[in-house]
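The first chain written gets the first letter, and so on, giving A, B, C, D, E and F; residue counts start at 1 in each chain.
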Amino acid sequence: MPVVRVSFFAGRSPEKKRQIAEAITSALVDIGGSKRDAVNVIFDNFAKEDWVIGGAPEFQKKAPE
Amino acid sequence: MPVVRVSFFAGRSPEKKRQIAEAITSALVDIGGSKRDAVNVIFDNFAKEDWVIGGAPEFQKKAPE
Amino acid sequence: MPVVRVSFFAGRSPEKKRQIAEAITSALVDIGGSKRDAVNVIFDNFAKEDWVIGGAPEFQKKAPE
Amino acid sequence: MPVVRVSFFAGRSPEKKRQIAEAITSALVDIGGSKRDAVNVIFDNFAKEDWVIGGAPEFQKKAPE
Amino acid sequence: MPVVRVSFFAGRSPEKKRQIAEAITSALVDIGGSKRDAVNVIFDNFAKEDWVIGGAPEFQKKAPE
Amino acid sequence: MPVVRVSFFAGRSPEKKRQIAEAITSALVDIGGSKRDAVNVIFDNFAKEDWVIGGAPEFQKKAPE
C-alpha cells in the first residue's frame, strides 16, 4: 500500500508503463510520504470496445411519440 | 467522470456492450444530471473460472473432530 | 453478478440513485440477458477534493532551465 | 454481495482459485454472517509487466543540479 | 500484492474484519503461495442506499403502448 | 480516461492530493501521451481498520492436533 490502479486503453509498451509507474511512485514517496517498496502500481489495459465515452447515441431509445 | 465499471462474464458482443453503455449513459445524463461526454462506461469481462459464486464446497475444510 | 460500480461526486439523493440503479439493471436484463436478482449496482460517492480532472497545473514541476 | 476482488499475478490453476474462493467464502459466511450463495469472489490476474512494486528507479528523473 | 478488496455493507466490527482478513491472508499464503507480509486486504464498507440488488422496479420505465 | 485510482490511508491534505494528482497527470500526458483534460485521478482514503497487511495472526486457526 498504497495501491494505484491505472486504467487506460491497451497499447503502451512495458517500458512506457515502467516509466509511468516510476513517476507515480516518486510522487507518492516524495509528496505523500509513502515508503517506496510499499507502492504498488497496477495497469489495467482495456480494448477500445470495452471503454465507451459519451454513450452510443445510435442506440438511444426513442421516446414514445 | 462519472466512471461506471461493469464486471460480468465475457461473451457479450461489442454491439450489445454499446447498447448497454448507451442505456447507462442516458440514465446518468437524464436522471443524474451528468454531462454526456463525461460519462465513461468500462466493461471488465471475466472468464468463468475467475468468478466464483457461493464458494466451492468440495474444498471446504473439515472441522477437526 | 454482474457487478456495476458507479463512481461519481457525492450528492445524489437515495431516490435518484435507485432510479439510476433501476435503469442500469433493466439494461443488463433486457439487453445483456442477466437475471434481475443477480444484478448488483454499487454507488461510490466521492468528495470534490478526491477527484481531480486535468491535474492541478499550479503544482506543475518546472523543467530545469 | 459481498463482492471480493482478488488481484494478483496470473498463474494460479483454476483448482487453486476455487480452493482460495472457498476459503474466502467460508470466512465471510462463518465470521461475517454472509449468505453463502451471495458471496462473489472475482479473480483479476495480472501480467508481471502490469504490476510494478517499488517503482522503476532506472527511470527516476534527475533533479536539476 | 496480492490485493484483496472486500466490498460489503458497513457494520462489521474491526475485530470481525481482522478475523476475515486473517482467513483470507492464510488462504493466499497456504493455497496460493503468496508471502504473508505481501497480502493486502482492504474493506470497502457501503451504506444500504449505495448498494442496490435486483434494481428498483418501482422506477421501471413503462414501455410505450 | 485514463482513470487512476489511488487507494491509501486517509490523512493527506487536499493540497498534497492535488500535488500528487498533478504528478500523475503529468506522467500520463508526458510519457503516456494522454490528453491532460481526460486524466481522472481519484483518491480512495481508507481508515486503518479497513486495510490489513500481513493478516492478523492472533486469529490464526489452530490446526487440529
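Criterion: a contact is a pair of C-beta atoms (placed from the backbone, for glycine too) under 8 Å apart; a residue touches a chain by one contact, two chains touch by 3 or more.
This is a predicted model, so every value here is computed, not measured.
Shared contact partners of subunit B and subunit E are A, C, D, F. Chains that touch both subunit E and subunit F: A, C. Note: the chain lying farthest from subunit A is E, by mean C-alpha position. For the interfaces A-F and A-D, the C-beta contact count is higher for A-F. Copies subunit A and subunit B of the same chain sequence form an interface built mainly from non-equivalent positions, shared numbers / all numbers used being under half.
Here the repeat of E-F among A-F, C-D or C-F is C-F, since over half of its contact pairs match by residue number. Relative to the C-alpha centre of subunit F, the farthest chain centre belongs to B. With each centre defined as the average position of its C-alpha atoms, the distance from subunit B to subunit D rounds to 17 Å. Distance between subunit A and subunit E, defined via averaged C-alpha coordinates, is recorded as 21 Å.
Annotation for subunit D: residues touching 2 or more other chains are 1, 3, 7, 19, 23-24, 26, 40, 42, 51, 53. Screening every pair of chains for touch gives A-B, A-D, A-E, A-F, B-C, B-D, B-F, C-D, C-E, C-F, D-E, E-F.
On the subunit C side of its complex with subunit B, the touching residues are 1-9, 12, 16, 19-20, 23-24, 26-28, 31-32, 34, 51, 53.
Of all the residues in subunit F, the ones that touch subunit B in their complex are 1, 3, 40, 42, 64. Contact residues of subunit D toward subunit B in the complex are 14, 17-19, 21-26, 29, 36-45.
Residues of subunit C that touch subunit F in their complex: 7, 46, 49-61.
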